[in-house]
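Structures for review follow.
There are two complexes below, and they share chain A, which is joined by chain B in the first and by chain C in the second.
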Partner chain A sequence: MSTVEAATAAVKRRHVDGRGLIGLLLVAAPVTLIGALILWPVSVSVFDTLTVRGPDGRHFSLESYRFFFSDGFSLRNLWLTIQVAAICTVLLLVISLPIALYLRFSETRLAGYIQALALFPLFVPSILLAYALIRTLGPNGTVDILLTAVGLPKIPSPYLTPWGPIIGLVWDNLPLTLLIILAGLSNVSRASIDAARDVGAGSFAVLWYIVLPRIRGTLLVAASFIILGLFSAFTLPYLLGPAVPEMMGPFMRRTIIEVDDPLQARTQAVVTFMICALFAMFYVRSVARTRREQSS
Partner chain B sequence: MNRRQLIRCTFAAAALVAAPSVAFADVNRIDVYITGDSNIINFWNNIIKPAYESAHPEYTLNVVSARNAIAPIVERTLAALGTEVDPQVDIFDENDPNLPAGAIEKGLWVDFTEAGLQNYDKINPVTIETNYGLPYRGTQVVLAYDTTKLAPENAPKTWAELVAWMKENPGQFTHNRPDTGGSGGNFVRRAIHEANGRDPSLFRIDNYVQGESDELLAKGFELLKEIAPYTYGPGSYTADNMQSIQMLAQGVITMAPVWSDMALDAVNKGVLPETIAFTQLTDLAFAGGFADMTVPTNAGNLEATLKLADLVLSEEIQTKVVTEIGAFPAIGWEHLPEELASKYSNLQPASIPTFPGGPWVSAISDGWFRNVAPHVNR
Partner chain C sequence: MAELEIRNLSRVFGATRAVNDVSISVAHGELLCLLGPSGSGKSTVLRMLGGFERPDSGSILIDGKDVTNLPPERRPTGMVFQSHALWSHMDVFSNVAFGLKLRRLPRQDIRQRTEAALDMVGLAGFGPRRPTKLSGGQQQRVALARSLVLEPKILLLDEPFASLDQHLRERMREEVREIQQRAGITMVFVTHGQDEALALADRIAVMRDGRLEQVDKPDAVYRRPRTAFVAGFIGQMNLIDGEVRAGSLNAAGVTVAVALADGPATLAMRPEDIGLQRASGADAATVHRVIDFGTHLSVELQASGGTRLKATAQPGSGWTAGMQAHLHPRKFAVYRDGTLCGLPLAPGRADLPLSLQSLVTDQAPASRDHLASNHS
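Showing the complex of A and B:
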């Protein structure tokens, strides 16, 4: 190796090192923030739930988790949250997919208006949505008035039943789901669909064999995002849902503020967090896989 | 350092920075510290301030919002007691003179029985809890009902009549959950009073004993379980005060417990129709309370402040307490315009039982959610 080449390599390396340092500095701020504001409090909470203060200092105990998992009341709330999350996710994917397909492949001006309409919930605060839903779908609300006007019986109102928050949460999460699926659909080229059409594939076959396989990862990402949001939902379950069972959001709030039991509130939070972490893992793995596919 | 301490420190630091400008402030300024919501701040700024300043043009009112950070300001006033330092506080609009402990003994608060206020004798005696607090606006939970479905002469007057009415009219009554808002919470507390011989003195801030006290509460929960099948839904309890009012406004239910000031405000704004009327149980009323003004004895403008306190109890301001913020007047209705008295006569508090906070709150919330709420399912 000539000295010139060695010098060039050294410069290059130094250049790379410098870039690395700047890069590290750039990520330092968000990493510190996440560490100080999220990871640290979370680990303190987890530590608190796993220990009890005895006369001779703190020692390890699973008592708070034993209480949570043997308490029918808490389990019923957790179970309701899981059910609502599952129903909402299925509903959101079923509703968003056709809209997204239409928006992706339609070229009429109407599509623009429909997109604007579908994204509208993004700009409506959930507290307004809750009151609006009470006025429309609540007992003697707008829907009931219209039904009565044409001589039909009133609807069994979803207000103060688990269906109240489900309807509200689906409406509220529609734009996010739609945007994620739309982004995924941009990976599906029109040419591949046209090619399938040319060999005689019907609409269903195109959807099943061409579109869905390409956006499977996207759907998983969308589902993870929805579930993460639903587990922390507060306003809509609180205002529209029944007193019991409660979803985890209102339940945690009530446990810490009203029941004045920070330990159980933390335990509830850790359990919720663990379930969310499971879905976050799906998301991270899906992103990592996409990266690998793109780089290979 | 927890969040509250951090906030306190921030306030303290901010006060330190602001201190020099305050110290040289206008000596003819009366500093009013408000604990209430924005409606109360507006009431002081828009009603009381102009009235006082036109009567006493040499003084100006400085209305300060203290919200939940009142304790450090009281501490500051106490620290200045017996020194030459002006605490820069003349009056608190809503403050418990029993806090901090020992302040009364140290002579921090003005004794209103000896302050020579012209309007003191007009105060409705049931509203006075202490000589060191001057009640000026009150609220209490009452039953609001739809007169198109229930004639006023048939409105229940006792707990037994209320339960009988509910059983005859299933699905026409609801209350909000006891953890929020308080109107439903005080309905639940009324059931607990009912089950324990209607004796509010059994429940004090310092006498909650786990197990023993829970048995008293459980007796109340049994009464509520008995009426649960007859509530709207059944068993559909609204999330907050306002939702109960909304259910009433949409004609879904006939009756709900409401805060008197919120409901009057709703009627005045047209949220509730004019056909809504109010009734109070006469065997034992629902819980409620009055906001007590307190004046520190070391206030910079003590004499002018007492004139202010007197003005707040005047017919003029007390009328506005009813019409502007929908609260109870602290002075007797006989001292107020007759048409006002007749319009709101059903809201006249004959007595205002109280229910303590502290450990009772968590026991009631947890107990109700675990026992009463799941009792019936829609």
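Showing the complex of A and C:
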């Protein structure tokens, strides 16, 4: 190798090394944040829930989990959270899909207004939404006043029942679900719909055989996001939901602040985290499969 | 096979009249090409034929039956889309068989007809493959098979070869023509490629701004364009603005005798219809550029007044940039207000050199008759 070639190679190597260092510096901040704010506390919590301090130091124990899974109150709270999450997910998908289909394939000006209306909750803080729902659907709220005014009986208020947080969470999560499904529908071309209609498919056949299989991954992603969000929801279940049983968010808060039992609160958090991790796995698998399909 | 009749079809999008009072009849087993530039309304006409757009006025009849308000799934038409529009989550077999499955045909019947359709388009054995694993030409053939398998009365093709390369496009149009003739199917084919239209069509309908400019056989559209737009759109054409005075049209130094009243007119000459004669002087055109295409030379000239035009010459005829030439039209047409209104006088004109007079006899009598009929 000549001197010039060796010098050029050295300069190139320095360039590559420099780029690698810049890359590492760029990812260092987010990785540090994730490590410090998520991974470390999670690890500490998991470690704490799996150990007990005895006279001869810490040793492994499943006692906190045994308590959680044998305590009827904790299980009722977990079950309520799962039920609310499942009902909200189904409702959100059932409500968002037709709106998204309309927005994707409609060319009228009305579609713009509907989109703005559907995305409006994105800009409303949860606490405002909660009080708005209490004023509207709560006892002696707007709905009751209107019903009384026209001589109709009052409806049972969803406020402080499991339906309170369900209504609030559906309203709150509608924009995100809609945006995810709309993004998925952008991959379904109008021509592919027209082609299906051309060979004789009616609206239901188009939806069932063409649209849904094409956005299956997107729906799974949307469902995963909704469930992850619902398990960690606090404001709406706390303000709109019943005191007993209650969803995991308010339950954890009460356990640590009012009951002053950090170990049980951590156990509740780890159980919630494990359920969320399960859905996160669905999400990761779905993304991986979509990428595989796109590259094949 | 079926007969298609379009009566006074119109479609308006906002302030734009996309299709304006279009009427055409397509005979049994005929292949009609809708040809025009982008935005001329040809695709809108096709989408209305397929039921994907509802016309604002007019009607569409297939074998005498009014289908104007029928949705696509209830029309006896099949459509091949520009983007192929294959369903990537299904394999090739399922794509083709989908329409048959919707009709709840017996499984054996579906298999036989699907395999026959794939065989017809030369894709036998491709059933288990995913559309994404096929080439552009193969995908287009799957789209064709998907329509053909349902035996539509009329097949509609919306620029189906637009995304294919030139070589594949030429091969595909031959295959489509062969399939159309073999199946004896009535076809309406939309394209903005004049070569495609000339090569495929039994008749060409040239569209512009939502209106039909001319509906005729390919040779008639090429040789006897009825409007200056058609003349300029089909093939290469020199359209030169000039002035008629006392029976002579002078345009960019070229003078031809015409039976027209005095006033402005446009002289139309195809490059292959211009004879070049070496000359010198202020009235001669200057050769600006010469491109050798092997089969012929394309000679770009700058006539007096700065008008640019093209002529063709034999290879080896010695034309080079900077030379001067007189232009002698062997064939021409004259347009006034965009409409054909003039034709050349009889051959053997005294103002042409002897060497060029024989070339004027190329003017077909039929062509002159046609032009004469349009003269009024």
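A few remarks follow.
Note that the second predicted complex is superposed on the first by the 271 of 296 C-alpha atoms of A that agree within 3 Å, B and C clash if a C-alpha of one lies under 4 Å from a C-alpha of the other, contacts with A are read in each partner's own complex, and residues count from 1 in each chain.
Just so we're on the same page, a residue touches a chain if its C-beta (ideal position, glycine included) is under 8 Å from a C-beta of that chain, and two chains touch if they have at least 3 such contacts.
Quick caveat: nothing in here was measured; it's all calculated off a predicted structure.
Annotation for the three-chain superposition on chain A: chain B and chain C fit side by side. If you count the residues of chain A touched by chain B and by chain C, you find the higher number for B.
Residue contacts after overlaying the shared chain place A:196 against chain C, while chain B stays out of touching range. Of the two partner chains placed by the overlay, only chain B lies in contact with A:139; chain C stays clear of it. In the superposed model, A:56 makes contact with neither chain B nor chain C. Judged by the touch definition given at the top, the superposed model places A:210 against chain C, while chain B stays out of reach. Superposing both complexes on chain A places the Cα centres of chain B and chain C at an angle of 140° as seen from the Cα centre of chain A, in steps of 10.
Touch criterion met: A:238 reaches chain B, while chain C stays clear of it.
Once both structures are fitted on chain A, no C-alpha atom of chain B lies closer than 49 Å to one of chain C.
Comparing the two complexes, no residue of chain A contacts chain B in one case and chain C in the other.
The touching residues of chain B, when paired with chain A in their complex, are 177, 179, 233, 235-240, 243, 246-247, 250-252, 359, 361-362, 365-366, 369-370, 373-374, 378.
Note for the complex: chain C touches chain A at residues 50-52, 71-73, 77-79, 81-83, 85-89, 98-99, 102-103, 130, 132-133, 143, 146-147, 150.
The part of chain A that touches chain C in the complex is made up of residues 189, 191-192, 194-202, 205, 209-210, 213-214, 296. Residue ranges on chain A touching chain B, taken from their complex, read 73, 131, 134-135, 138-141, 159-161, 238-240, 242-246, 254, 257-261.
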